[in-house]
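Have a look at the structure below before the remarks.
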Amino acid sequence: NREPLIFELGGKGRTGIAIPEPEEEVKRRVGRVEIPSEMRRDREPGLPELSEVEVVRHFTNLSQAAFGVDNGPVPLGSCTMKYNPRIAWEIAGDPRITNLHPLQDERTVQGLLEMLFELQKWLANITGMDTCILHPAAGAHGELAGVLTIRRYHEVKGQIDRKTEIVIPDSAHGTNPASAAMAGFRVVEVPSAEDGNVDMEALKSIVGDSTAGLMITNPSTLGLFEEHITDIARLLHEHDALLYYDGANLNGIMGYARPGDMGFDIAHINIHKTFGAPHGGGGPGAGPVCIKDRVVDKEKGVRLSDLAPGYRVIYDEDTGLYRVKGPGEHSAGLLKAFLGNITPLIWGYVYILSMGPQGLRKATEHAVLITNYFMKLMENVKGYTIPYGKGRFRKHEVVLSAQPMAEEIGVTAEDVAKGLLDAGFYAPTIYFPLIVKEALMVEFTESETPENVEKYVERLKEISRIAYSNPSEPKTWPRNTSVGRVDVVKANHPKHVTPTWRIHVKRLRGEI
Amino acid sequence: NREPLIFELGGKGRTGIAIPEPEEEVKRRVGRVEIPSEMRRDREPGLPELSEVEVVRHFTNLSQAAFGVDNGPVPLGSCTMKYNPRIAWEIAGDPRITNLHPLQDERTVQGLLEMLFELQKWLANITGMDTCILHPAAGAHGELAGVLTIRRYHEVKGQIDRKTEIVIPDSAHGTNPASAAMAGFRVVEVPSAEDGNVDMEALKSIVGDSTAGLMITNPSTLGLFEEHITDIARLLHEHDALLYYDGANLNGIMGYARPGDMGFDIAHINIHKTFGAPHGGGGPGAGPVCIKDRVVDKEKGVRLSDLAPGYRVIYDEDTGLYRVKGPGEHSAGLLKAFLGNITPLIWGYVYILSMGPQGLRKATEHAVLITNYFMKLMENVKGYTIPYGKGRFRKHEVVLSAQPMAEEIGVTAEDVAKGLLDAGFYAPTIYFPLIVKEALMVEFTESETPENVEKYVERLKEISRIAYSNPSEPKTWPRNTSVGRVDVVKANHPKHVTPTWRIHVKRLRGEI
Amino acid sequence: MIETKSHPWIPSLTEESVKKMLEVIGVGSVSELFKDIPSEILLGEDSWNKLEIGLGRPLSEIEVKELVEEKLSRNKVFNPPPFMGGGVYPHYVPPVVRYIISRGEFLTAYTPYQAEISQGLMQALFEYQSMMAELLEMDIVNASMYDWASSIAEAALMAFRVRKGRRKILLPGNMNPLHRRVVETYVKPQGLMIETIPFDRELGTVDAEAVKSMVDGDTAAVYVQYPNFFGIIEDNVKAIGEIAHEKGALFITGVYPVALGLLKPPGELGADIAVGDGQSLGLGMNYGGPHLGIFAVRYDMNLVRQMPGRIIGLTTTIDGSSKAFAMVWQAREQHIRREKATSNICTNEALMAVASAVYMALLGKTGLRRLAELVYYRAHYASSRMSDIGLTRVFKGEFFNEFPVSFNNIGVKYSAVHEKLLEHGIHGGLYIGSYYPELGEVALYAFTELHSVKAIDRLIETLKKAIEEVRGR
Amino acid sequence: MIETKSHPWIPSLTEESVKKMLEVIGVGSVSELFKDIPSEILLGEDSWNKLEIGLGRPLSEIEVKELVEEKLSRNKVFNPPPFMGGGVYPHYVPPVVRYIISRGEFLTAYTPYQAEISQGLMQALFEYQSMMAELLEMDIVNASMYDWASSIAEAALMAFRVRKGRRKILLPGNMNPLHRRVVETYVKPQGLMIETIPFDRELGTVDAEAVKSMVDGDTAAVYVQYPNFFGIIEDNVKAIGEIAHEKGALFITGVYPVALGLLKPPGELGADIAVGDGQSLGLGMNYGGPHLGIFAVRYDMNLVRQMPGRIIGLTTTIDGSSKAFAMVWQAREQHIRREKATSNICTNEALMAVASAVYMALLGKTGLRRLAELVYYRAHYASSRMSDIGLTRVFKGEFFNEFPVSFNNIGVKYSAVHEKLLEHGIHGGLYIGSYYPELGEVALYAFTELHSVKAIDRLIETLKKAIEEVRGR
C-alpha cells in the first residue's frame, strides 16, 4: 500500500476548494463575527492541506486498492452482491432528487413521492404483504423496526410483560439477535436439523406463552428453503406470537414464494441486496419493512401496520396529492429523522421498474441455477464438504466447509479466502453461519457469468492441491493484493490499536 | 496485462443493453422491413457478446491500466497536462449541453451561444487579437485554419502564385510543417541559435518575396522566450508575409505578453492545454483561432478575419439574440461540419471564468516558477545537460538532454523515460525538439506540487546513479507497469503488424 | 417491451448457458430447483406476472428513462435553495466528491471484510474517522451511523450500558424535535426514561440551572445540541458538561459540523460522546437520506468497549513490511457478539463517510473556518435585512446560521406567507409552530453559502411583497 | 470574490512554496523570470487585470455554478428530442458509456506515447478499431478523426496521394452538404477538383449512369454516402464502386453506422476507404461536437502507407511474456514525418472512440440489428402517419430512418409550421430548402429509438394542428 495517509500529503497554506470571502456590503452591515468567547474555537482543526488535484489523486489511488462488483466476482454469501445498473446510478444522482430538502413543501416533490408510493406498493406485492414502510436505513434497521412492531403488538394487547422472548434459529444472521435485544427481548435459539430445516421438535418445545415472535430467514443462510415454514407459522400464531421474515435471502425465492403467503406477519427487504442498489463499501442501504394488515385491536381499529415505526407515503384522493404521513399514535415512533434512504430506494425503484415481474423471477431463477451449478462442480473436491441438506438443491447460496482441510493439514477457511483474493476474486463470507465449521458461504447471484463460476471452482481446486502438497504455502497468501496478510492481532492490541490519526500522533508523542 | 481482449470475453446470446422490440401497432402498420436485397446485410457483425456487468468490469480494469493527471504527474513537454477541474466536468456534461442538436433553432440554445460568444471575446483579450473562431477541433486543426487563412490572404491579394513558402523554426512541433503542407505551402526551415532564439541572420536570408508566412511558437519548445519576436514580425510584415502563433506554449506567458502585441496576425489556442480541458487519451481537443482585424482589401471591405474558416457566434443587436454565422464568401470554408468541439470549449469557458485574469496570470507564474525550480535542481546532475539558452530562465518547460549518458554508457532518453514510469511518474516528451539530442522535454504546469518535482528530480538522479553503476539495468525497465517493455519493432513488422482483431484472426487463419 | 431471451443484467440468461447448467446439475428444468417449496405457497408464473410490480413487464432503459423523466419533472429544485434547515442544510457539494463516490471500486464494494483486497476503502474510512476526529477533537470516531438522530439514540443506549443501573437521560427542550422522537423509540423498549431540560424563553438557550437540579445519581447522560434547534449558540455547554460529570453522568453533545469552523469542538467542551450529521460536509440533502451519523468518543476503554458501529484501525502487515488497515474491536459488533452486541448496526453509511472525507480533505485546515464565517455572515445579513421589514428574531441568544422569525407581531399566518413565497418561486423557512405551539406563527430560517446576497435580497423583497399581499386579502 | 493567497488548482501558490522556490532559483521575485520579454510587449499586471476576461476576477465554484446555471436554463432540451438528423442523431447514450469515459484514468490521460503505462487506454483504442472494423467489415480502422466531414476530406487527400497525378474527385449531389463544404476546404489548396454526381430526382439515389460517364483516368476517387442525405438507401453502391475501380479510381463510402444493422457494410460493397461518424454510437449530440470521425481502409499497404491518423497495434512485450499494445506505422504521422506526413492530425477524438467502443460492446452481435430495425420501424411508422395527414415524402427510394417531407402540396411555408411546432414544445425536422432551393418547402425528418410511438403520435397531431393554424391565418 504505497499511497500515503492524507495527513502525510499536501503543504502549508494549500486548499482544495475556494470558499469566497463574505461580500463587503455584508461585512459592513453585520460587523464582526460575535461568538461567545467561551464557545469560540481558538485553533484550526488539524486537517491536512491539499490542493484539488492532490485530493483527486489520493482518492483515485485509494479506489484502485478497493474491490467491488465492478472489478470482479464478489460472491459473499448472504450479501447478494449483484451488479448495480448504471441507469439507476444516473437517475438516483439526478439533482431533482439529490437537491430536495426533506421538509420542503410536499407539492414540490410530487414526482419523488409518487415513485416512493409505487415502490411501497410493488414491494408489498413482491412480499405478499399489505403495507410497506420505506423508513429503515438498512437491513438491521428494518429488523429493529420489525421487532419494535412485535413489541408494540404485545403492548397494545396488554401482554408485553409475558411476551418476553424472540426465537431465532442458530443459523441466523447476527443482526437478528442483536435487533431483538435492542427491542428489549430475550433471545432464544432454536437448532437446525441435519436437513437444514429448523428442528421442529426443538421448536415446539421452545415456543410457548412467553414467545413474542420468531425471526427467520427463508431460504436459510445455508441456502435451503425451510420446508416446514407453514407449520412454523401455525405454531407461532397458535401462541399469539408473530413471525418475522429476514429478507436478506429473498433473492432465492422472489417470484416463486412470498413471505406473506408463508404466514409471515412482518418482513424486511434489503434494497441494496435483492434490488440492485450498491453497497457503497458498507452503506447506505435501505431496509423497508412490509407488514400484514392484521387486526390488533378491533375496537380501536388498530392494525399491525399502524404499530410500525416511520413515515408512510400516502395518496390523498381529495387533493390528488401524495403526502408524507408521520407515525401515528400507536406507532413505535421514528428510527431516523426523515423518510428513508432515498438514493438506494430509487435504485430499487429503477431496478424493479426495469425488470418487471418477469425479470425479477428470471433473476431468482438464475441466482438459483448458478448456485446449484457451482455446488455440483464442487461436489467431491478434496478438502471441502457441503454440510447440511444432503441431496437438496440450494437456492441463492451454498455453504461449503473447509473442515477436512483444516483438520487434516491446518489450512483454514481464512487461508482459502486469501487464496481466492490472489486469483482476482473477492472471498466468500467465512466462518458463517456459525453452525458450519470452517464455513465458506458462497453467493454468486444472477449477475455472475458461468465462466467466472468455473474459474472460481478451478481456483478452489487449485488451492486444495497446493494446500495438500505444501500446507505452509497458504499461510503466505495473499500475495497479489496491495498488501500482504494484515496483522489483525496487532491492530487490536491495546498498545497498538490506532483508530484515528489523532491517536497515532498521540502514541508517537508518548501521550498514550 | 491480464485483462483479456473484449473479443475473448462474453458468451453466445448475451447482450449489454436491451433494445426494445418495435411496438405491435408499429409493426402492423409498417409491415416487414424492406431493404433492397443487394443492400441487406446478411450476417451479423463480428462483435463480442457481453452482459452489462462484463462491459463495466472490462473497461474498469482497462482504465486501471491507464495513467492520467488524476493518477500522478504527467510532465509531458509542450502538452501542458494540467489538472482538469471537476467543476468543468460537471458543467460540460450537463444534458442541457450534451443533448442539444447543432441544427436546432437558435432561439432554443441562447445560453450556450452566449457562453461561446463570451469565450470568443475572452480569448481575443487573452491573445491580444480581435476576433476568435472556435471551430477547429484541435491544435493542428487550428493551425490548418490559420495557414488556410494565410493562403486566402495571398489569394485575395492576388499574390498566391508568388507566396509559396511558410518559414518554420527547426524547433517547431511536427504539426506546423504538416499543416503548412496541407494548405499547399512549401516549408522552409530556419535554424535556432545557441541562445535558443531564432537565428536572425539565417531568417533574414530566408524571408523574401516567396514567403507567405512564418509559424512559430513563443515561448519555443525549448521553453525560451523568443527575444527578437518584434523584429521577426517587422521583417515578415515588410515582405507582406503573415505571422502565425502556435499557441501550444501559451501557458508560459499568459498574462505577461500577448501574441497580438508581439505582432502576430493569427494565433491558435489549445483549450485542452492552456485552459484545463482534459486530453481524454488523445482528444477531443479544441483549437480556436484568433485573428487580427487587419484590412486585406479596403475597397471590398475584406478583413483578415473574414478569410478564416468556420462559424462565428455573433450577437444580433436588433433581435437581442445570439446567432451562428456560417463562413462568408471570402472565408476558407469549413473544417468540420459544425461549430466546434463544444465539450472542451465549455471546460475552457469554466476555467477562464473561474480564474479570471488574476488567476490566469498566477497560473503562468507558477508554471514558470516550478519549471525554473526544476531546472535549478537539475543543474550539474551527472549524465544530463541543459542545452541552449545557457543562463536564461525558462518559461513553461525545459528541455534536458541525456546525451552524456547515451554517449558514455549507452543509456538513452528512452531508458530514462522507462525508469521514470517505474517510480509512478509519466515520462517526459522524449526525442523532441529534434534539435536536442536525447531530449527530455519536461513541463510540470502550475498544477504540480513542488514535492512531486523534487521526487522527480530524485528519481532522475537515481536513474543516473544506477545507469553509471550498471548500464545494462535501465534496459530492463519498466518493471512496475502493467507490462514490461513493449516490442515496438514487432508491432510494426509486416509479418506481425496487427491493427485490429480482424487482422489477428485472419493471421491465425493464415489468410494473411 | 423487451424480450427476455437474454438480459443485460443476467449474463447466464441465454439458451446455451441454461442448457449447460441444467445438464451439469442433472435436472430437466429450472423449476425442479424449486420443488422443495410446498405447493400451497408456490407461486405460479402467471399469477406472479399479473401482480402489480413495476409496469407488469420488463422495460428497456430507454423506456425507463422516459418514464422517470416525467416524474422527475414534477420535483422542484429551488434556486436559490430553500431557506430552510432544521437539521438538513443545502450546502455546496463539490463535483470532486460526487466523482470519487461514483467510482465503481468504492460504489460497488461490500463492507471490507477481506482486508487485503480492500485497503483503499479501509484507508478512506480511516481517514474519514481521523479527519472527523480532528474536527471534533475527539479521539475515536466510528465509520458512521445512519444519521444524527439515530446517533443520539445509540449514544443514549451506550450511556445506559456504561452507567449500568442508571435509568434516566436528560434531553433539552431546544434540541431537534425529530431527533428527540428517535431517541424515544430506541430508549423506551429498554424501560428507560427521558426527562426534558427546559430552555430559556428569552435567550433560547438551555437552562443550566435546571440541569443542575435535574441531574442525579440515576442520570446516565445529559445531551446538549449546539447550535440548538433554534440556531442559537449554546454558551454554557462546558458548564452543563461539568454538572453532568459531577453526578457521574456522561455528557453527550450534538453538533452541526459546519459550525465547528467557529465554535469550540466537543472535545474541548468535555464531551464523552459527540454526535452530529455529516450531511453538511459534502452530501446532498437527498430528501432526508442517505445522510451520515457522526459518532465519536473519548479514548477511554470503558467507553470504547460500549461503542456501537464499525471502526477501522491502522496496523501493519504480519511481516511488518507495510502499513495496513483492519477492522478493530469487532467483538463489540453483532456479527460476533450477536444479542450481546453494542448495537445491531451492520450496513452503515460508508460511502457517505468517504464523501465526507473527500469534502474535509478539500476544505483543509482553514476551509472550515472560512465556510463557517461565510455562513455566519450571510445569516446575520439576512437577519438584519429581515428586521428592516419588521421581521424579528424570536430569541435573543447569539445565533450561527439559522433563527426562528416571528410573524406574530405583524399579524399574519405563516402558512399564507409561505404560499405567496411559493408563488414567487421561493421556498421560505420551516414552520415550527407545530413543534412549539406556544411560539405561535414562527418559521425557522436557515442560510448557507448557497444563499448569495442577491438571493437573500430577493427573499427579503419577496417576503415583504408576500406579507403585503397576505394583509391585502 | 475569492482570495488569491492560495488556489485549489495551483498547489504551489502559497507563501511558503513561493519563497522556497525563489530562493533555490536565486531570484527575488517571480517577475524576474519574465525579464527576457521585451518591455514594449510586457503587460503590466494592472492592464492585464483590466481586460474583459471572465468576470474580471476569480470566482469560487459556488459563484461559477450559480452563473452557469442561469445560462444553461436558457438551453432547451426537447422531450421528445428534435425530429431532426442531417448527420447528427439523438440516440440513447447508456449511462455506462458516460461512466466509463468519466473515469479519470481515461479522461485525464494524454496520447499514449509511453506504451507500458498506457496499456489500458491502448487496448481500449485497439478494441474500438477492432469493433468498428467488424461493423464495417474493413480491416484497418484508425483511432479516430475529428468527424465524418473531415474524414471524407482526409480520404479525398489520401486518394490523391494513392492515385498520384489524378486531379479529380467525384462527390454525389445527395451527400450531406456540410460534408461537401469541408471536402472543398481541404481539397482546393492542393489545386484539385471536385465534380458533382447528379441524383435521380424521383428516387433520390445517385445516378449510376452519370457516374459511368464521369469517371475517367483523372479521377482519383468516387464517394457515395449511404443512406444518403435524404435518408435514402442507395441501392447501387456496389455497382458504383465497380465503375470507379474499372477506371482505377478509389471507392470511398460514407455510412451512418446505425444503418449497418440492416445494410451491407462498406467492406462487402467494395470500399477502399470507409468513413462515417461515430456520434450515433454512444455519444451525445453535443451541439455538433465532439463527434467521432470514422476512417477505415482495406489491408493493402498502398492504402495503409497513405492513411492518416493514429493506429494502435497488438504486439507483445520484448520478452514475449505478455500481449501488449503499441502505436504502429507512426512514420506516417506528423511528429515523425513533419511536412511529408499523411496528415497534420495529432489530437483526435480518442475519448469518443473509447465511448463508442463501450457502446459497441454493450450492443454486441445482435444489438445493432435490433437497434436498426427499431429505428427503421419508427421512421416508417412516422412516414405512414404523416401521409394520413397529407404529408408526403419527396423521394420514392426506400429509406432508413430519415426522409424529406414536402409541404409544397399543402401550400404552407415550413418556417411557419416550424414556428407553431415550437410553440407546442416540439422541434420538427430540418428545413433543407436552403441547400436545395429546387425542392421548395421541404423539411428532413429523422427518427431514432428515442422517438416513441407516443412521441410520434404527438408529433403528427401537433403537425396537423400547426398546419391548420398556419392555414387559418
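Just so it is clear, A, B, C and D label the chains in written order, and each chain counts residues from 1 on its own.
What we mean here is this: a residue touches a chain if its C-beta (ideal position, glycine included) is under 8 Å from a C-beta of that chain, and two chains touch if they have at least 3 such contacts.
Not measured: the values here are computed from a predicted model.
Peer 1: More contacting C-beta pairs: A-C or A-D?
Peer 2: A-C
Peer 1: I'd like the Å distance between the centres of subunit C and subunit D, where a centre is the mean of that chain's Cα atoms.
Peer 2: Spacing between the chain centres: roughly 46 Å.
Peer 1: Report the inter-chain centroid distance for subunit A and subunit D in whole angstrom, where each centroid is the mean of the CA atoms.
Peer 2: The separation of the two C-alpha centroids amounts to 46 Å.
Peer 1: Please report how many Å separate the Cα centroid of subunit A from that of subunit C, as a whole number.
Peer 2: Computed value for the inter-centroid distance: 19 Å.
Peer 1: Could you list the positions in subunit A whose residues touch two or more of the other chains?
Peer 2: Answer for subunit A, listing residues that touch two or more other chains: 11, 14-17, 19-21, 23, 50-54, 56, 60-61, 64, 69-71, 83, 85-87, 89, 447, 449-450.
Peer 1: Multi-chain contacts only, two chains or more: what residues does subunit D have there?
Peer 2: Touching at least two other chains: 7-11, 17, 58-59, 61-63, 65, 94-96, 98-99, 102-105, 362, 449.
Peer 1: If each protein chain is taken as a node and each touching pair as an edge, is the resulting graph a line, ring, star, complete or other?
Peer 2: Chain contacts: complete, every pair touches.
Peer 1: Enumerate the contact residues on subunit C facing subunit D in the complex.
Peer 2: 8, 61-63, 65-66, 69, 79, 92, 94-95, 99, 102-104, 362, 449-450, 452
Peer 1: Show me the residue ranges of subunit C that touch subunit B in the complex, using the header's touch definition.
Peer 2: 1-3, 5-11, 14-17, 58-63, 94-96, 98-99, 104-105
Peer 1: What residues on subunit B touch subunit A, complex-wise?
Peer 2: By the definition above, subunit B touches subunit A via 2, 11, 51-54, 56-57, 60-61, 64, 69-72, 83, 85-86, 424, 447, 449-451.
Peer 1: For the complex, give me every residue of subunit A touching subunit D.
Peer 2: Residues 11-21, 23, 50-54, 56, 60, 86-87, 89-90 of subunit A touch subunit D in their complex.
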